[in-house]
Amino acid sequence: MKIAVVGGGSTYTPELAEGFGANAVALGIDEVALVDPAAKKLEVIGPLVRRIMRRHGSDAKVEWTTDLDRGVEGAAIVLLQLRVGGQRARIEDEAFPLECGCVGQETTGAGGLAKALRTIPVALGIADRVRELAAPGAWIVDFTNPVGMVTRALLDAGHRAIGLCNVAIGFQRRFAGLLGRAPEDVVLDHVGLNHLTWETGVRVDGRDVLPGLLDEHRDEIADEVDLPAAVFADGRVPSYYLHYFYAHDTEVERLRTAPSRGREVARIEAELWKIYEDDTLDRKPDLLSQRGGAYYSEAAVALMRSLLTRDGGVHAVNVRNRGFLPYLPDEAVIEVSARVGADITPVDAAPLGPRQRGLVAAVAAYEELGVQAAVRGGERRVYEALLAHPLVGQHDLAEGLTARLIATGRDHLPWA
Amino acid sequence: MKIAVVGGGSTYTPELAEGFGANAVALGIDEVALVDPAAKKLEVIGPLVRRIMRRHGSDAKVEWTTDLDRGVEGAAIVLLQLRVGGQRARIEDEAFPLECGCVGQETTGAGGLAKALRTIPVALGIADRVRELAAPGAWIVDFTNPVGMVTRALLDAGHRAIGLCNVAIGFQRRFAGLLGRAPEDVVLDHVGLNHLTWETGVRVDGRDVLPGLLDEHRDEIADEVDLPAAVFADGRVPSYYLHYFYAHDTEVERLRTAPSRGREVARIEAELWKIYEDDTLDRKPDLLSQRGGAYYSEAAVALMRSLLTRDGGVHAVNVRNRGFLPYLPDEAVIEVSARVGADITPVDAAPLGPRQRGLVAAVAAYEELGVQAAVRGGERRVYEALLAHPLVGQHDLAEGLTARLIATGRDHLPWA
Amino acid sequence: MKIAVVGGGSTYTPELAEGFGANAVALGIDEVALVDPAAKKLEVIGPLVRRIMRRHGSDAKVEWTTDLDRGVEGAAIVLLQLRVGGQRARIEDEAFPLECGCVGQETTGAGGLAKALRTIPVALGIADRVRELAAPGAWIVDFTNPVGMVTRALLDAGHRAIGLCNVAIGFQRRFAGLLGRAPEDVVLDHVGLNHLTWETGVRVDGRDVLPGLLDEHRDEIADEVDLPAAVFADGRVPSYYLHYFYAHDTEVERLRTAPSRGREVARIEAELWKIYEDDTLDRKPDLLSQRGGAYYSEAAVALMRSLLTRDGGVHAVNVRNRGFLPYLPDEAVIEVSARVGADITPVDAAPLGPRQRGLVAAVAAYEELGVQAAVRGGERRVYEALLAHPLVGQHDLAEGLTARLIATGRDHLPWA
Amino acid sequence: MKIAVVGGGSTYTPELAEGFGANAVALGIDEVALVDPAAKKLEVIGPLVRRIMRRHGSDAKVEWTTDLDRGVEGAAIVLLQLRVGGQRARIEDEAFPLECGCVGQETTGAGGLAKALRTIPVALGIADRVRELAAPGAWIVDFTNPVGMVTRALLDAGHRAIGLCNVAIGFQRRFAGLLGRAPEDVVLDHVGLNHLTWETGVRVDGRDVLPGLLDEHRDEIADEVDLPAAVFADGRVPSYYLHYFYAHDTEVERLRTAPSRGREVARIEAELWKIYEDDTLDRKPDLLSQRGGAYYSEAAVALMRSLLTRDGGVHAVNVRNRGFLPYLPDEAVIEVSARVGADITPVDAAPLGPRQRGLVAAVAAYEELGVQAAVRGGERRVYEALLAHPLVGQHDLAEGLTARLIATGRDHLPWA
């Protein structure tokens, strides 16, 4: 069984390698292919991944290549972890929305749309090669943000794709800690859209323990999501990305003094590259945990196992709505706890309330328009998507953001 | 046939009287009862209404009373035109949201919620008496803002109610003028929620002429709705209330220098009272047209005719959704062009796009929570409704607005 | 020797009474007259003040009257502590500027101007009676905010007036605590305008210990003035009122959720009145300290002693500039540490830097225009003063604030 | 007589050449040297300047060089027209302040400080060579923005420098037009700081005609300066740069949708270079007038004449204050109408009012700190200057702007 990692030259790949290594037997991994246009990075990351897998006792073949076709050929799973335009584009995504008084962030709002517009055409091109060359029935697992929109674009084009986010696994670990239980004992009612989710229930031994958790740990949970407890007094815990909505202006204020996250990650990555150069290194360094993406490796490996073995495990994934949220179109891509067996079936979770539903519907409408803008192009479609976004919503902002998005992103927009 | 006007002491009543008078025969009006707690106002308005109806040749009985029961007894139609708290409360509705940087307006946003919270308990109390005392099958026709939420509260309590707004009739007249046609030749595809509607089609002789209208009169229509044409480049024309959404911050800026609309109306009303004192006056004065509510009388009379005769006329009304907009709950109250015959059936209108749907879903969620807050009371429910409103949406704003809404409105909030 | 307290019916007066009582012999107080238009309040406060003074062993005559002339007749010192319009006006001062996005506060910005416009005409009227009836050479000591502008108006009209603020004495106590010294060992270089002052030096035994204090207690001082230490890294410590300037938007954000200070004080005062009703009470209750005005009594008594005995004590007072700050006009009223002997002479303090000077010059210009607006009246003058204020400075804000200031304050503006 | 133009490769130089050519005899110009680090630009501009001067009948020597020393050697006048960092830096100056909600502009606010920090070290380096190599008594005439701060830095370093702005000459032409007089008949009372000036009087035949002008042409003047007439109802007409102060937030709103001025100028310059390539061209093209800097050439030539001949002509120049504005330090550089003869003496102009004085004092304090930051360097000094700027003034904005200014400008800041 072969796994291909597109964007495999990322500083993040050693994290994945730890997961592959530890589960190589269980997953039956024979081969790992790292694909990246950056040959130099592959020359560092490739051998490191091989050493990490060896440390875990796996003798799977590890190869690296700048040739997409060679990389995905015969793969059963293709992981997408791209960053079109690199950290430089991220720094722009974080900066230009602030000029219009809107949150600058790489997955939410105008910055997230900029990333979607750059990424989707590239992801679709890769998926076409996967369809042609990968193993029959191969899955594309998307980690690349904005995961919901990228997954939707892939599904719309007829690919066999599923999106994965690490928000849910983070909550699972955190709640398990508060409950004094093992993570695998805790099953979440996780529902919404990617980066716009709520935990509406927390199942332990079949019982919903969320009300008790909130009673006992209200303040810790409020700290965790960086929002006052009043925001989840209705018993539904927002992910910390909801901070960009419920505390938008405060966040804008913070960003006005704070150093950009993109610049910070760029600094961390520079350090990581230095560490990676040590050709005796055979484990991920501690510093990697500061780069973001905690638990991603574990979530990914667990999902891959369910996809390959159809074991019916529950994962928080991005899939078609198909009526699960009746207020959204069937074709919308939602993020839910779902059982991954012969089929992928959302678990019967406690529902969102009207307050969440309104916001989810508004963002889903934006995502629909955003995917159209990415696939079909055109300034007009960018404007429509931004005007639909609840964090924009005003014609002058939509106009100013559209102009800036295109001016800063032009090099990566095929139609601009 | 008896019509009761609750809030009949309003300066606006002479406008209605013109409509009643001109259509007294067609509607079969035998009796008009004006009900108002303000006896002094009734002493001025009552005789004036009688003189207006006489001028039109109607000899219907015109009476006025501070006794609600007497007024609604035996009525076939009860019109609600209340202003709980008077212009003073309106001035507060316009002022306190501005303290939080939110639009100050009496139907939209926090000001609209304040009005709903004051008005719904009063409207429900009136409706209880109507149920008891009015003619069997009597209709409550609600003009009182926010019309959508008041209508929803009445329907939730099991009353036979329908809401009416003058936005659609205004567009009908305006479009008819641009087309060189009579207003009755023009049928609108009018769809959304009260004060959150779009014209998605304009039917003349069964053909949709909206695309042509937009081509030829784009700039005039943009002026009319006070928004750039880009906002309706998708072929759906927003009502001017959408200005509060698509140009929210610009509107806030304007309100910071502009005199309040409430103060302006108070000034106009003071002048109207002086004019009304002339006991030979037998027609509405020109000044009344500056007070707002243009064409309301015509829309109301036409709707009353259809309600009484089941003639199948098309009116823009507020009714239960019942699946018409599949992304909203069945119990939501929507505003649509509907055929009013034996049943009330929305006409098959061109649909809203994703951009409008997202906003409609978000505001519908707010309205659901707002009606709950009005009916059941409590600071917590006010906060939830405000947090759900797309023009608020942030926890600190919701908190600050909640505190101010309660502080300024306390005298009219039964639970505060 | 007679002291008159105009506004003597205030809940604050017991604080003063403690000071009068403790220093009755030293000051030679024979008589204390409380003057207030509110007879009912005087009936409570008057006897309480008498009991407090008796507790201190003073048998000075304590009388109370609604008759200004009787109250000030023969007084050697007249203290002004007015609140024209009461707490209700204060609540307005705190609310209306927020509608324009400006800080709402009763001494700074548009709220402070509103208070000045209401207060100065009243203060001038009182001062005219003092000139006529008080003892020869009597001093008017102004506590009434905005102290700088009220004092300037009194001086411009030829009265013998001096203004007093409690910011300096607060710093003196605080610094003394940090230094482990008695307050009277600590002399401040206190310089600027009322509520716009900096401590530029702290003298102990003739040596400036401020640099050391800042080194050792930087964070405590930052907490005290609620500003980051970067703001005083140049060695000049701003008063906490500078928070309204250096953290204006943060303060506006805070005010959007916070309960108004005026409402809070109104609540405290309601409690105080209940406590004061106990006719055995003979000391100020602890709750009084929450009302604001800490140490005012001590500062006032100390200043009065120097005014009466010409003992050369150093006090932070509001006096004519007369060249002390060369970048301000001679007639400006500044707040400085000054030696009060035969003359009142500012002490030779470490100077402000360019950063402070620019702000002081801008606010002094505003104060000059604000006093003109108060004395001569007219919308135009109000607009000019607001446009000059560094926290307003924009034509649309000045226009909107002018309209609101006049609309809310009309009852107390003789010219409106 | 030799004139050197440093930054002579600018697209603007042909404008100057027209002025040199037309006045070559009157000024006695023997030689014009264009100095620029961009050899390619000089190869285009140099011959064009020569052709323009020939067209005017001048046979002065025109040379061009990348060697500063050769260029300034023996010059009697050295004009500075630099743009350190080019249009790219300007685009940054316009963008980064917007991220903090502050006006983005290359001469005012944080953008202006960024330009000052880049430019002053370069200007000082050039001036050192001028001192060494130019003719005895040579003048440095600075056009480079921010003119006030650059001139101050040059004077502080002991250079013989004077600053020139085109605002005054623009007003002179405009007022002359309104009055139906020749420009040279109109003498302005022009007073303030560079880009922060007011016309306090307009002299024609020795009489101040400004009051009449304002009565008759109020609306045209309001349009001209893009501010409501209320702002100059006190009879002092602000320059259009005051728009950034009196309408700051409106301007920020505008900039959020508007294309950046820097991008626009870059586009115009690209077109100009195409036109300039025509080696028969011997006059400035019309397009040049859209690039900004109208009348600069005339103002410059007129000033140069007065500097060379000491003819006592009146020019609006940037010079030391030396007591002219008593509320500013003597060393401040102010912009005033001054008689340029044996000495340079400000003309006795109608004074600024308190409203203007406060703002001028605040900006002068910023400029003093800004020049220190440019000359001595350091993040701390940048922060102090920004905190002193009336358009910043808040600690979090100063912090965020400082970080951004340094991040975007690092390549041109010798100390960063």
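Labels for the chains are A, B, C and D, by order of writing; each one numbers its residues from 1.
Just so it is clear, contacts are C-beta pairs under 8 Å (C-beta built on N, C-alpha and C of every residue); 3 or more make two chains touch, one makes a residue touch a chain.
None of the values given here were measured: they were computed from a predicted structure.
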Chain at maximum distance from chain A, centres defined as averaged CA atoms: C
B-D against C-D, pair bridged by the larger set of C-beta contacts: C-D
Where chain B and chain D are represented by their mean Cα positions, the distance between them in whole Å: 57
Euclidean distance of C-alpha centroids - chain B vs chain C, Å: 51
Approximate Å spacing (C-alpha centroids) for the pair chain C, chain D: 45
Residue numbers of chain D (touch at least two other chains): 249-250, 253, 396-397, 399
List of chain D residues in touch with chain C within their complex: 227-228, 230-231, 233-234, 245-250, 327-329, 354-355, 357-359, 361-366, 368-369, 380, 383-384, 387-388, 390, 393-397, 399
Chain B residues touching chain D - in the complex, by the definition given at the top: 249-250, 253
Contact footprint of chain B on chain C as seen in their complex: 95, 98-101, 104, 253, 255-259, 263, 396-397, 399-400, 403, 407
